[in-house]
Amino acid sequence: MAFDFTVTPRVADWRDRIAAFIAGTVVPREQEAFAGGVTDELRRELQRAAREAGVWAPQAPAELGGGGFRFDETAVLLEEAGTSLLGPLALNCAAPDEGNLHLLDMVATADQRERYLKPLVAGEVRSCFAMTEPPPGAGSDPAALRTTARRSGDGWVLSGEKHLITGAEGAAFSIVMARDSESGGASMFLVDADNPGFVVGEHARTIDRTTVGGHCRVTLADAVLPADAVLGEPGRGFAHAQVRLAPARLTHCMRWLGAARRAHEIAVERAVEREVFGAPLADQGMAQQLIADNEIDLAAARAMMWHTAWQLAQGSRGTEESSRTKVFVSEAVSRIVDRAVQLAGGMGTSEELVIGRIYADIRAFRIYDGASEVHRMSIAKRVARRTRERLNP
Amino acid sequence: MAFDFTVTPRVADWRDRIAAFIAGTVVPREQEAFAGGVTDELRRELQRAAREAGVWAPQAPAELGGGGFRFDETAVLLEEAGTSLLGPLALNCAAPDEGNLHLLDMVATADQRERYLKPLVAGEVRSCFAMTEPPPGAGSDPAALRTTARRSGDGWVLSGEKHLITGAEGAAFSIVMARDSESGGASMFLVDADNPGFVVGEHARTIDRTTVGGHCRVTLADAVLPADAVLGEPGRGFAHAQVRLAPARLTHCMRWLGAARRAHEIAVERAVEREVFGAPLADQGMAQQLIADNEIDLAAARAMMWHTAWQLAQGSRGTEESSRTKVFVSEAVSRIVDRAVQLAGGMGTSEELVIGRIYADIRAFRIYDGASEVHRMSIAKRVARRTRERLNP
Amino acid sequence: MAFDFTVTPRVADWRDRIAAFIAGTVVPREQEAFAGGVTDELRRELQRAAREAGVWAPQAPAELGGGGFRFDETAVLLEEAGTSLLGPLALNCAAPDEGNLHLLDMVATADQRERYLKPLVAGEVRSCFAMTEPPPGAGSDPAALRTTARRSGDGWVLSGEKHLITGAEGAAFSIVMARDSESGGASMFLVDADNPGFVVGEHARTIDRTTVGGHCRVTLADAVLPADAVLGEPGRGFAHAQVRLAPARLTHCMRWLGAARRAHEIAVERAVEREVFGAPLADQGMAQQLIADNEIDLAAARAMMWHTAWQLAQGSRGTEESSRTKVFVSEAVSRIVDRAVQLAGGMGTSEELVIGRIYADIRAFRIYDGASEVHRMSIAKRVARRTRERLNP
Amino acid sequence: MAFDFTVTPRVADWRDRIAAFIAGTVVPREQEAFAGGVTDELRRELQRAAREAGVWAPQAPAELGGGGFRFDETAVLLEEAGTSLLGPLALNCAAPDEGNLHLLDMVATADQRERYLKPLVAGEVRSCFAMTEPPPGAGSDPAALRTTARRSGDGWVLSGEKHLITGAEGAAFSIVMARDSESGGASMFLVDADNPGFVVGEHARTIDRTTVGGHCRVTLADAVLPADAVLGEPGRGFAHAQVRLAPARLTHCMRWLGAARRAHEIAVERAVEREVFGAPLADQGMAQQLIADNEIDLAAARAMMWHTAWQLAQGSRGTEESSRTKVFVSEAVSRIVDRAVQLAGGMGTSEELVIGRIYADIRAFRIYDGASEVHRMSIAKRVARRTRERLNP
């Protein structure tokens, strides 16, 4: 058989239960989180409720206590989880833990699984991923990595500056990318937060509000690590990062698509109830255009995302597809939320209506996990290479 | 199993043979068609070659001599056919015959099948579909239909003015939409071209060039029709039109996506070969952006189209999905071809490079088969209705 | 002589002094305002400094202590003031005081000038403008006004609900729009903040941060007003609002254009200093596109704004021009700041770089003072009316 | 005095007479030109009529028989001329003659003025400008110039290939750019069309139709030229080209803005007359959006164009301003005409409604006289340079 877009009963069941959980349990806690920030206490409460509701970690392997869904099935479920900005956190499928969990599952040793993966998937701890550095270090261009790992006895000493490390404050451990003196390449290290050389500094004062643990400055102040702190193969840090990044890009797409859908739905609800110039706003041409464009963007983004998620589920590395999808979805959700703000009118930028918060929080998605421009460059290079090969076989 | 995007071996085989046929047989005839117009002679030559190449009418039922592919499989094949502006005609999957063929297959009587469907699917004749009228008649708003069918004995007399009737010049017959005096609703009629009351007038001088038979004024000058000229049920013309329109919109998307891909590929070929400011054009940032945006739009349009085609293949009416997809794809292909023109530079608007011709020919797709605005209105109305029902159950 | 775009020496002198004042005095206070909000204490400090720097209230009449500049000259100066989000407040040319000041200058009685205009222009007090109401009241459609003013003896009693009243908290007085029982039309009233019937309620929790006094709920709880509280002619409230709105739209454009220019400049500064993939970011094609598009949008917005400001300075009501300009500039500045965020990369959404704050604060400008959609409707209606008159003279 | 946008009585008088001439004399000849191409016979007829109507060559110096208007005044008049695709030709202010005329007026010797400029300004002959070469020659990157001029006795021998030379067929002479063997730089040469080494080849089959003399291949087949064939200073060809290009870009903007306005007006006329879904199309929201966006783009493009034309009139080289304006106006007119097509519906791509022809003819404007990408690159480089100088004084 050729194409099939059937949602299986198990996926449909989880999707519906996630929807009910978000509506009944998560949404009622949103305003306090917007006002006071997302605390670890709130996180634990919501996570406990999610486990009780049987919607825990849909993307995580079943043997680790997660839903054990295939990646394309996950697309359906994480979109649903994303309809509240707190939903992914509640279900333990939020960045950066979700990506770290996946990476650990792929490359961690048995000991590392026991020590880092198990508590992470259980929601006992949080983690962070420390790759980005302030200029002129690793950012859009990972090769500019400046944090170093030098041998010291059996172990390593890490030194360098990281910034915009999401969730660093309060994380139990961090995966740190550093240039190691031995391989000359990049390696990943597991660093416990209580390592005295792991210093969490200032939070960047960004306009998003619903990330637990902030976007922090992190200093590796000659952090001494044991030999077994290396995650995966030494020197293959960038390759391992790809293992994390292609699916992580997609899970971002899934979650943010849910958030965009939520903004759209709230805006349409207002538009059908509000009368302007003698008719419901939703029945007026320019409002209809905003509504229809949102429906179209949602459908296009979802179709593209499903296709790419299926490719990854088939074992494809999906680099090019995930680049294309990341650019399209991140820009589509920006458009959708922007239109929702406009449709909602005067209260469109408010947190009361939720849309304003989504608008501010979603902006950075066009930048992190590869800025649109970096993905476009990468896509174009691949097309050019293929075209050259076709013309000059 | 959940999602599946596997292309079956039979589809892949046809796709590859269509690609070879387009490249080897159709493309070499493009320039003469651009210069002198598409004649029926050229059509017959190309169609004969297509039958010999075993790529005839992929979308048509197997029992009628076509490929017998499912609608989502057709999506793959018609995209390939569309990579030449003459491809769909050569494969007998071009508008308006392809849509008429489908409609006849759905609603024609045994006699009508014999008389109209068989020669049409065999490529012996061409046909047209006469619905659109000059203002203030049926256009974006089909309900404004003014052509009338009044009873006269057993038969009917049709009177009215149609315009922009694609392929009318040289068509063997036309399906004509008229308001019938009996049901008060709209009915469809099969009108032979040699009916003295079927008068083909001037061609609209539109900027497209590759449609055989023009976009013609057609006068129904009290055309006398026998009783069995009614196609489908009397009074259910609009319902039958929907049978034709939802898939016809999608097949337009398939073909034009192929054309857009072709324009993109030609432009990229030039961009890798051309040096500007000391480097290949394809390696420069703004050119990379044009290239990447085209890749992204192609992938998004294709994913959305596949999903909607699958829904139609499952028996869904797919009105809303096909509206969304028609708007997105028609606007995406416009963007893609526009970028291809820009990337190709000075020769970008020329027929030599083909791109210029695609640019001019593709423009009307955002208008026919439902202008973007009409689809958006329809999409928004459905969303508003659903939202009202949700809020006030 | 025909066109002239010469900036006079006096304008150039003020512009340069404003620039120096913003850079030297206002910018250093931004971060504390972003962190803690804009207090009246900070406002007073900055205003004192502005008076000392000789850049006080450029738009206000000279006889009131302002700069006395023509409206098109004001365009140059308020753009400069807008380069800090605190600049307009410091120079006493911020909304809503600036618009109220202009309105009072046009229609206030001698007593009202003494009591309200003089302290306002001197910066001794702040004010607010209470027109917008929660749905289904006055919003995009002012005619939906529900707040009432009924006669009571010589005076009036005002009752109703307002929301999103910018600056209400801490304002000394408000101009309140209400439907008066006598004229049946709308009238404006001057209401002292200490009137027991003037109740300032909750702040809308919107994503902007740099407005002093919030966007508040205001209840007119049977507020008793004396006879001389009417501002302008009774029943002509909407006409007076137009006196305020057309120039107020433009001054918003001027200030936000400055803010957008600032965001752009900061982003370019980073882009020239930052190396990515072996070259300065600013020299790479897609970054060049962001930079160039910003330059183009800035120039187009400025040219259009100057033209409209000149027309208003000539005494034209400029309704259509100011609608066009408001839509274009509000959308252009959104694009510009969005590109600046993207160009600045990971820190682009942060307050440290200022751009993030501008991004969040500027969003509502496409909604207030007439949403883009309302202006577009109004523009199209005028064009349609003119076209009908031309066709059927 | 500061800004002034007053249109002087003389400009207003010419503008109104041009409008009347276009409507009364030029528009009635459009359809024959669209059908049969623009012949030199039609050109001569229209030009005779223009002289009689007193609207001849508004941009040309008065002492040469033109209108003698300042460049910013010319902006008003050429926009009016551009409202018919044949208007600029009729008034002798069309490309490429208008630019050649300006260039000759700036740099030609007395003899050259007599021999080339006088008949050109009188409309006795046409000319062309041969700079562009097929890849890998001069195109977006003029420095890639490959046509050579080598000394031969007193004179020169020109050899090379040009393409897309507008108006070459039937031109009396050409200004040819070549790399001269003596200076090593580029020089301009006046080449008579009857020079046996000046060979006009095939017309590019581009989708535009209203250019007299096509876009031709031109071969310089060892064309022997006398010493006095050099135009301007040897070796300063690129500098002279700038003299031509900055104003020529602007005059393109002026003319195309007129064409876009015309398309918009025709579309609005249809929209007010056409009823769809029970109401005039022009009164429906999405149509209003198309109409309003066109009004906004027209106003923004005009304001920007006036400003830049004024700067050029003041003697500024205006390189950066004319780049910004060329990009904005060329893209704005594309958007405007595209919206006009959409608004006009089914006949929107037809020549009968004129809009279809404008749509096809206007596309190349985003490519010639500097593709949008080339101008953006140039704009961004200047901004980056200025920013670097500011940061490191």
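Note that the chains take the letters A, B, C and D in the order they are written out, and that residue 1 is the start of every chain.
Definition applied: contacts are C-beta pairs under 8 Å (C-beta built on N, C-alpha and C of every residue); 3 or more make two chains touch, one makes a residue touch a chain.
In this text the structure is predicted, and so the values were computed from the model without any measurement.
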| item | value |
| --- | --- |
| Partner chains shared by subunit A and subunit D (touch criterion as defined above) | B, C |
| Touching both subunit C and subunit D (chains) | A, B |
| CA centroid of subunit A to CA centroid of subunit B, Å | 40 |
| Where subunit B and subunit C are represented by their mean Cα positions, the distance between them in whole Å | 51 |
| Length of the line joining the C-alpha centres of subunit A and subunit C, rounded to whole Å | 37 |
| Multi-chain contact residues (two or more partners), subunit C | 273, 285-289, 373, 376-377 |
| In the complex, subunit B residues that touch subunit A | 1-8, 11, 70, 72-73, 265, 268-269, 271-273, 280, 282-283, 285, 287-289, 291-293, 295-296, 299-301, 303-304, 306-307, 309-311, 313, 321, 324-325, 327-328, 373, 375-377, 379-381, 383-384, 387-388, 391 |
| Residue ranges of subunit C touching subunit A (in the complex, touch as defined) | 34-35, 132, 135-136, 139-141, 144, 163-164, 204-208, 270, 273-277, 286-287, 341-342, 345-352, 356-357, 359-360, 363-364, 366-368, 371-373, 376-377 |
| Complex contacts: residues of subunit A adjacent to subunit D | 284-289 |
